[in-house]
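Some structures are shown below for you to check.
Here subunit A shows up in two complexes: once beside subunit B, once beside subunit C.
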Partner chain A sequence: MNWMRTWAMARKEFIHIFRDPRSLGMGIAIPMIMLILFGYALTLDVDNVPMVIWDQNRSQASREFISHFLGSRYFSLQAFVDNYREVKQAIDSRRALVSLIIPPDFAGCLASGRPTPVQLIVDGSDSNTATIAMGYAEVITMTFSQDIALKEIQRKGGQVVANPIDLQPRVWFNADLESRNYIIPGLIAVIMMVIAALMTSLTVAREWEQGTMEQLISTPVKAQELILGKLFPYFMIGLFDVLLAVLMGEFLFHVPLRGNVALIFAQAAIFLIGTLSLGLLISIVTKSQLLASQLAMVATFLPAFLLSGFAYPIRSMPQVLQWITYLIPAKYFVTLLKGIYLKGVGPRVLMVEGIFLAVFGLIMFVLANKKFKKKLT
Partner chain B sequence: MDQDNNGKAVVVKDLERHFGSFIAVNRVSFEVGKGEIFGFLGPNGAGKSTTIRILCGILAPSGGSGTVAGFDISKEAEKIKIHIGYMSQKFSLYEDLTVEENINFYSGIYTISEKKKKERKEWVLRMAGLLDHRNSRTALLSGGWKQRLALGCAILHEPPIIFLDEPTSGVDPISRRQFWDLIYELSGKGVTVFVTTHYMDEAEYCDRIGLIYRGELIALGTPDVLKTELMQEDVLECLCTQPHEAMEAIEKISGVREVALFGRGIHMVVEDADRAIGAIKQTLASRGFKIFRIEKIIPSLEDVFVSLIEDRERVEQPQQEVRK
Partner chain C sequence: MLERIKQILIKEFIQIFRDPRSRGVVFVMPILQVIVFGYAVTTDVKHVATGIYDRDNSISSREVVARLVKSGYFEVKEIVSQEAQVRELLDRGQVQALVRINKGFGQSLSAGGKAPVQLIVDGTDSNTAAIVLNYAGKIVAQYSQEILADRSARLFAGRQPFGRVELESRAWFNENLESRNFYVPGVIALLVMLITLLLTSMAVVREKEIGTMEQIMVTPITPKEFILGKTVPFTLISFIDVILITLVGVYWFEVPIRGNLLLLLLATGLYLMTTLGAGLLISTVSRTQQQAMMSAFFFQFPAVLLSGFVFPIANMPEVVQWLTFFNPLRYFLVIIRGIFLKGVGVNILWPNMLALAVMGLIVLWTASKRFRKTMA
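Entry: the complex of A and B
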């Protein structure tokens, strides 16, 4: 291991990167754009569900019922309609996702204490939003009927009755249940996984394709010097990306950072060594830039996105998939970042994930070294 | 050189390399003395590059043995790489780096000491004529410049043996000439130069030549020996009136293997000079051509190689038919 040779490699690689706007763009601009795009677009919260209302009763009771819907931030009124055709039209044209239909005898039924049917038509083509919207509507309706029932009991009993059980939920770590707060830390992990592997997946293959590798392997440079030299610049860019992402999380998305910033960078460094080595390994094995970049994309993006627990909870996956997630390094980094960001936990709690990441990094680095041969075939 | 190998820089015995069922190098044996300029000649695809890559330790041989700078080509490839400079056929410096950055990179790779680095860099820049272009992107350089810069980077560490794979292909004649001056200069300092080429004139510049054809070494020796001793046929030159028409007449004479226009005259490869001269004189005179001069000449290397290759094919073809 000779540092002079390693540094010569690293410096050359830096020059390549800074002289090629595309690689700079891929290394810095793309991850930031992805973070902004996903950060804003990928919200799992459902609010302001567009709604039309057909109030066939037009009584004080029906207006009060409606006001419960409009008073919440979950529904936004598009229009009052007067017939079924308009309801259908509004949902067909996606002007409304939900339609509330109040029957003509709404007030009469309520007053006589009979069960009062109310219809909710939901656009099921977006089943996720539909389920959540239905949940909201159920809660609103339930509260409304509960109030009526209590009032009725009070009227009959002549005294104030309290709700028998009063559940007071407290949400820890993300009190507002802002999905952005847990998406952004996870997103940083996913994006870094993809970008890191993608960046290095080109470097060795490019040298084979351009013929410069043939010259290089005729020199005394050693495999580990070449690999370390190639990793170093991308490692620095990766850390710079993490810095930008943390800054964006703080100032753009206002995600609370409760833990230690230094710990984020320490874990990011370990994570980067693994994913950058994975990219290099792919590059070394394929010797083709096109193949390597596609493989790096497939090997990182889908697993990191779907199986890391970043957006979809691992616990609700089939057992086999759950086992597979242990092989996804992004899973550990997602857990680490969420832990540091939202829970503010320290190294003691996150040790297992940290060790898994370190092992992954070590395996990838050793494999890349083993697979790189200073020979033509 | 670390080990003395009876004054030999390169020793190769029964070297073989297969790519699947294709035999690129077939039982090749030769030696190159220290300080020699050894030319490896052959048509494209003959196995020149494969051989040179094996010698540089970047391609494993399938069979046979050999040493370069005293180190075994199969087991000590990494030691060989310390003692050689290799310039591959394709330009293999970084085009997006400047001239100076490329030199700096290879200085680092060859771990040239800080003290020596500057001196070597200036030497390369001067040798390549790039003193005024040190900050130019390598991509913008002309072929001759690129090739001299590539040579410079390959010999920054002053290796005792250098391997050049078709260094002058695609370079203009003046640059080629300058490049060979450089090779002579290096050779004068005791550096062994192993160079492949398919230019016959370049072969004449070499101390010794090996001719490789279809993976086999079919001739080995100094240019003079090859020209005077190896060729079984004789070469005649004839100056006469209407050479184009005369050629057709000469082609039909038995004992004449090959006829070609050469400048204002005709070159012929014949089985026996004396007999052929008589026959040609007779034939041309009877058809009204006037002969100014006809004589036996020393064949060019090209004549020798064409003849050797044709001999080989004459021998091989019947064998192949038998095998079928």
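Entry: the complex of A and C
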């Protein structure tokens, strides 16, 4: 192993990268755009669900009930409608996602002490929004019923009554339930995969395709030196992206960083070695840029996005898929990042994940070295 | 001219199918992705890992726990006996929710007083946390209501019915609220974009990068024929993939298809014009495959995120919502979900189809104009 030759290789790769400012620019811009989109625009939080109401009763009681819905920030009234056809039209055309239908005898039924049915029609095509909207509606209805019961007892008994069980919810680690607080730390892992998938996976395949690999083979550079030299520039770009992401998280999005920053960078470096080696490995094996890019997407980016627990809870997946996620390194890195960022925990809690990442990095690096043959076929 | 188009089509097909690995990319990858999306992308919340810290251990406190478990949403993972464990369990993420009932809970309930139940939720995943809070709120309120009814029965001698509202929720188009019914049709839109945009632009640029473009330029082929030769194979592959994914969706995931399949194919055609056009446009501004790939990704990634595929457009800031009007994927998703889940037809979907057609014509025209310039 000769450091001079390794450095020469790295310099050559740096020149390649800087000669193509657009690719480099995009390698930095794509992560930034992701951060900005997820920080500002994208959220699974549900509020202001558009709603139409068909009040067939039009009484004091029904208006009181409706005001409970409109008073919450979860629903926003689009229109009052007068018949079923309009309800259907509103939901079919996606003008409303929810429709509340109050029966003609609402007030009478309520006063007589019978259970009063009210219909809620939800557009179920977006199941997540629908589930949450239905949950809100049920809580609002329950509060309304409870108020009636309490008032009734108070009127008859002449004493102030309180609700027997008082649920006191506390949300830890993310008290305001901001989705950006949980998306942005996880996004750092996805961003690194982008670098691996978009930049590293092409680098060796390109040499083969353009025929410059023959020239490299004729030089005294050794396989190990070539791989290290190829890795180094992308490693630097990756770390630079992490730095930008951490800075943006801190100053633009105010994501709380409760743990140790140095720990984030140390883990990021280990993770990068693994993912970049994987990218290189793909490039070495396929020898074709088109194939390498596709394979890299499937092997790095998609699992990091879908199976890492970055946005979709792993516990809700089918058992088999849950087992598969143990093979996805991004899963460990996402757990690490969320732990360091939101919970402020350190190496004591995150030891297992850290070891896993190190092992992954080592295996990938060794494999990339093994698979690379300085030979023409 | 027809002969020349035929020849270049043959060349393209040979190029795509020569390598068994690229056959895999074109046909196996879409199926793989549908399966992963169908199973992994779910925001349903069930079996929340729950810790129980019952310091009261009375009949009523056990009843609260039993009701949470019976609902099916909560799954008891840990029984906690010390305060220190609470922090540890949540830190390690072994439980997502923890119910803490303090001493005296049962006593103050039976004395007719007010008793607190504490629920600690791990907020790192805010979406899950919000749903968990909703579930717990509902279950506890239900129990509370029953205790209240009991008390008033004792107070006024004999049961006193109170008026109460019962919400009968019904979800249209997706009765069981299955996430996959929402996502699987969306994957079609996603994959069509991936195949046409990325593969088209890379296939064109590869000719430039490895120098075979010069050989093509010395043949009598015209730019128009060249464009056709490059786009027709991917168009055909896209249609085959659409059918393949639809089959997997309908027969494997049992996603309902309530609308007209022909309409789906027609809309796919309109959508293809926009993605192929964008792919060609990218190829005119790229010299290397890496540039083409990055540019395609640069276009595709925001297009997917800002389409309503996962994240509802209604939740986005106003300005970003306007931006989504320039996103062809947005319109195609409405069409494809409308056809699959709602079974609606042209009478409701025509504005979206029109938008796709207009965008497609503009993009395709600009792309082929630019393309002819760069080739000449």
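Assume the second predicted complex is superposed on the first by the 367 of 377 C-alpha atoms of A that agree within 3 Å, B and C clash if a C-alpha of one lies under 4 Å from a C-alpha of the other, contacts with A are read in each partner's own complex, and residues count from 1 in each chain.
In this text, contacts are C-beta pairs under 8 Å (C-beta built on N, C-alpha and C of every residue); 3 or more make two chains touch, one makes a residue touch a chain.
Keep in mind the model is a prediction, meaning the values are calculated, not measured.
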Q. After the match on subunit A, would you call subunit B and subunit C a fit or a clash?
A. fit
Q.
In the overlaid three-chain picture, which partner chain does A:Leu376 touch, first (subunit B) or second (subunit C), both, or neither?
A. first
(Q) Touch test for A:Arg5: subunit B only (first), subunit C only (second), both, or neither? (A) first
Q.
Taking the superposition on A as described, I'd like to know which of subunit B and subunit C A:Thr335 touches: first, second, both or neither.
A. second
(Q) Per the contact definition in the header, classify A:Asp147: touching subunit B only (first), subunit C only (second), both, or neither. (A) neither
Q.
According to the stated criteria, A:Asp20 is in contact with first (subunit B), second (subunit C), both, or neither; which is it?
A. both
**Q.** Dominant contact partner of subunit A by residue count, subunit C or subunit B
**A.** C
Q | Which superposed partner A:Asp82 touches (first subunit B, second subunit C, both, neither) | A | neither
(Q) After the superposition on A, what does A:Glu214 contact: first (subunit B), second (subunit C), both or neither? (A) first
**Q.** Lowest C-alpha to C-alpha distance for subunit C against subunit B (Å)
**A.** 12
**Q.** On subunit A, positions contacted by subunit B and by subunit C
**A.** 20, 210
(Q) Taking the touch rule as given, give the residues of subunit A at its contact with subunit B in the complex, in rising order. (A) 2, 4-5, 7-9, 11-12, 15-16, 19-20, 210-212, 214-221, 374-376
Q. In the complex of these two chains, what residues of subunit B are touching subunit A?
A. 53, 56-60, 77-78, 81-82, 84, 86-88, 90-97, 101, 104-111, 150, 154
(Q) Help me check something: in the complex, which residues belonging to subunit A touch subunit C? (A) 20, 22-23, 26-27, 29-30, 33-34, 37-38, 40-50, 65, 91-94, 97, 109-132, 134-139, 141-146, 148-150, 152-153, 156-157, 161-175, 177-179, 181-182, 194, 198-199, 202, 206, 209-210, 286, 288-291, 293-295, 298, 302, 306-307, 311-313, 315-318, 321, 335, 338-339, 342-343, 345, 349
**Q.** For the subunit C and subunit A complex, residues of the former touching the latter
**A.** 19, 21-22, 25, 29, 32-33, 36-37, 39-49, 64, 90-93, 96, 109, 113-131, 133-138, 140-145, 147-149, 151-152, 155-156, 160-175, 177-179, 181-182, 198-199, 202-203, 206, 209-210, 288-291, 293-295, 297-298, 301-302, 305-306, 310-312, 314-317, 320, 334, 337, 341-342, 344, 348
